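These are the structures, in structure tokens.
Consider the two complexes below, in which chain A is the common component and chain B and chain C are the respective partners.
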Partner chain A sequence: MVNDAGQLYTIEGVAAAILLLVTVYIVLGTTTVFTPGDSHISDLQLVQLGDDALAMMDTPTQYVETYNISTEKQSVLENDIMNPTAANLTNFYSNLTNYLNVKSVSRDHLNYNAIVWYRNSTSNSTGNYQFNSSSFNMTGREHYVRVTRLVYLSGLPNQSPPNPSPTITSLNPAMDNRPQTVLLDVTIWRD
Partner chain B sequence: MRDDTGLMSIDFIAGFTIFMIALIIAITMSSGLLIGLQSKTIDYDAVAYRTSVILAEDPGAVNITGVTGNPITTDPTSWELVYLPLKEDSTADYYKNYISRMGLAIAKSYDNPDILSQQRTPNILSLAKINRFFDTSLFYSYDRTDSSGNIIPSDYREKVIFGDYPYKFYITLNSINSGDSIHKAVGDPNVPNASYGYMRRVVMVKDPAANFTANTSPTSSNIMNISMDFNQIYQFSSPRGPLYQINPNVDEIAFNISGFNIVNYTSQAPKIALNSMNISRFDLLSNTWPNLPIYVDSPTVKIYLNEPNATSPSESNRWSGATGNVTSSILIIFEPGYFPRTVGYTSAETDIIRGNFTFSPSNHVGQPTFVYSYTNPDGTSNQANPVLKPCVLEVSVW
Partner chain C sequence: MARLNEDGQWIILMALIVCIALFFLAYLMNESVLVGKTTAESALDFPKSDIRDIRSEIIRLNGLGSPINTSIIQDIKTLSLDQKNAIVTINQNPPDTPTSITFHYNNGLLQYDETIPL
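And now, the complex of A and B:
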């Protein structure tokens, strides 16, 4: 004769089966959320683009026959950091803005903020100053990426950039007067 | 003991209902379980990125297995030197098979293994490779169907995109500075508004700018030999590294000769007549100057008469081979790959090439032997200095 001894277990089994199925469904469904077909991997694109732009700015466009090993292949980027005059900063701005934004059709809308990290010889620590930025009104909500490039300088920069932040009162006093490598740290975002 | 048979059937119905509902839900879900795992629609960005890396950072590759002699290059990265007929030619596929990958970066030099020439040059592109890559008279940019209905993938899909799926693509290269005027594009310009992969790279295009000018001075001869010392050009520029070096094997080299004593004779316009010309190369072993062939198709030597624009000469000024009138200048252009085609890849950089011109009338042409010098007497370099031009490379795939 059939009794009801197993009924509760059957219901538990069904509940467990539902639980398993739902779990598997959610797990499988979750993995595809990050790769929908029509979204770009925007971070990768921005990082690669910024990296390219800095690398190309650090590549001299022409070999100058000066018979001086440090000026024969001086890049625009090194020259701009060494001599941050208003004219050179304008040049830096137009170069980087163009490198980031020129497309075959229309223009992109990328902004940047560039900071220079250097060794502070007085405190024997790393210091930084704002080098240059695109004109922007940052809301603080931008999704930005960060690219860096180590730039070789043949000596101490000739002057401090205008209106840097934090303020530099004199000629980068804490920076060593010797050939050195500084880190150009650029954040890039699309507005 | 109470009889509970009636209860059981109610419990059974309840349990069975729950089971059936669960089963129905599960069956309903099962069709959607795997749909998110389909990968065909989501890798456009990855394909675009891969394509941009091949284009910007890789010099390309030649399948040199079994290659013997000319006109195929023996340099493993100089795919742009592989001889190619027009794409409609029946032998086109045969030659294209020698190209396994079309990258645009400057080739690493394998024949001269010093440290400088082994530098990698990512994002520095070769103008000769660019001109070859964007030449749709040589490559198919769209998939075709053969007579039996099979799809033949486009050359770009086979050699730079590398995908089994029939991707469409649009690749553009534009100079950032408007004065550089580099504007190249290949593929389908109708990029959809959504669901496409995109990658943008900032690159530099190396313009070898190897345009030499030479002034002769008139003497009493109707023959002029101009000696072009490619060894001097190569040796002078090679310490600068691959970015700023002129390599006669892979770079276009132009000589613009002027300074002829143009005469006004027999009441015609001032001119002298170029009757014949040949290009010869010094052979060290036999100590002779055997002539080099001048091919009809590229890569070859092109001669232009009275061409004002040495960087982009007009085909209407090209010398036909018959007697032509010189009123101002003679422009000789060695196309990239001419030397690998004629004398082999590694030897051109040590060559002395001589252009032998015969004019009429006599007494009014240039020096019988004019040696072109890459360095000025004061030690500074002469004219030619390669320039890197910033450009934007865009790859769209869908």
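And now, the complex of A and C:
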């Protein structure tokens, strides 16, 4: 004789089975991201940090008042690229490393390498020279990000930054001696 | 025939509720792996700082003397194309005594146009 007692238990059993199956399906279907999921997040933070640091250094701290308008004075960044003396390069180094490595507890370990891109107006081609970098040992496995900043120069930089060869006047293509905009290109990575 | 014992229904009901709660937590974990990654990727792809940089440079140059020297504008165009893979055009309207500057930016992912009043 068929007994219809315990119907509720059957329904419950079916519901539990469906729940288990769907849970197992979701667990097995969870996306595995083979590159570390947070590597893009730290990249983004580095880019933002670098952009902000360059923006701060390219912000004039003073304005010149003329009769009806106030004009920006040369920013620290413009001055450093225009006059790459040892003192100014030290200044650039300490500014940028301080901005990049600021941390509430201890200092971060960020390194950078800065190069300057310029345009030769005769051939409309671009060239670059190394401007400044932090002291580091290259491993070739740096996970770096790149940030850039357009910088106005009133002419040819007064001298070659210490070390790089060729000198500023013998670059190929030649760097023009005219008011110009150059691109400061900074790669940043964490040691 | 042995009768089914219906004691403990509440315990079973609670177990069901806990199961459903766990299920939703598992689902959230499933989604969360992708959230930080995709958000950071799209933020990295978006050339926010490049556009701001060009904009601030235009205003800086205009402050130094209006109209802006065309060879400096060509510097920005060439350097953007060579180094940032972006097509930039900058127009001063009217060219001799500009009252506004329009600039166009396109790096293949994003096209942006802006008119800067002077």
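The rule we apply is simple: the second predicted complex is superposed on the first by the 128 of 191 C-alpha atoms of A that agree within 3 Å, B and C clash if a C-alpha of one lies under 4 Å from a C-alpha of the other, contacts with A are read in each partner's own complex, and residues count from 1 in each chain.
Definition applied: contacts are C-beta pairs under 8 Å (C-beta built on N, C-alpha and C of every residue); 3 or more make two chains touch, one makes a residue touch a chain.
These numbers were taken from a predicted model, which means no experiment stands behind them.
Asks: Just checking: does A:Ser123 make contact with chain B only, chain C only, both, or neither of them? Give me first, second, both or neither.
Replies: Neither partner.
Asks: Contacts for A:Ile26 in the overlay, against chain B (first) and chain C (second): which applies, first, second, both or neither?
Replies: The answer is second: A:Ile26 touches chain C but not chain B.
Asks: With both complexes superposed on chain A, which partner does A:Arg178 reach: first (chain B), second (chain C), both or neither?
Replies: A:Arg178 sits against chain C, while chain B stays out of touch.
Asks: Pick one for A:Gln62: touches chain B only (first), chain C only (second), both, or neither.
Replies: Only chain B is touched by A:Gln62; chain C is not.
Asks: Does the superposition put A:Ser106 against chain B (first), chain C (second), both, or neither?
Replies: neither
Asks: So, does A:Glu12 touch the first partner chain B, the second partner chain C, both, or neither?
Replies: After superposition on chain A, A:Glu12 lies in contact with chain C alone.
Asks: Under the stated touch criterion, which partner chain does A:Thr139 make contact with: chain B (first), chain C (second), both, or neither?
Replies: neither
Asks: Residue by residue on chain A, keep only those touching chain B in one complex and chain C in the other, then list them.
Replies: Of chain A, residues 3, 15, 29, 31, 37-38, 40-41, 44, 55, 72 contact chain B in one complex and chain C in the other.
Asks: Sort out for me which residues of chain C touch chain A in the complex.
Replies: Result: residues 1, 3-4, 12, 16, 19-20, 22-23, 26-27, 29-30, 33-34, 36-37, 40-41, 43-44, 49-50, 52-54, 56-57, 60-61, 63-64, 69, 71-72, 74-76, 78-79, 82-84 of chain C touch chain A.
Asks: Under the stated contact criterion, what part of chain A meets chain C in this complex?
Replies: Going through chain A, the ones touching chain C are 3, 5-6, 9, 12, 15-16, 19, 22-23, 26-27, 29-31, 33, 37-38, 40-41, 43-44, 47, 51, 55, 58, 69, 71-72, 117-119, 121, 124, 126, 147-150, 152, 178-183, 185.
Asks: Going by the contact rule at the top, pick out the chain A residues touching chain B in the complex.
Replies: By the definition above, chain A touches chain B via 2-4, 7, 10-11, 14-15, 17-18, 21, 24-25, 28-29, 31-32, 35-38, 40-41, 44-45, 48-49, 52-53, 55-56, 59-63, 65, 72, 98-100, 102-104, 108.
Asks: Touching chain A in the complex: which residues of chain B?
Replies: Listed in rising order, the residues are 4, 7-8, 11-12, 15, 18-19, 22, 25-26, 29, 33-34, 36-37, 41-42, 44-45, 49, 56, 122-124, 172, 174, 176, 185, 194-195, 197-204, 240, 243-244, 380-381, 385-390, 392, 394.
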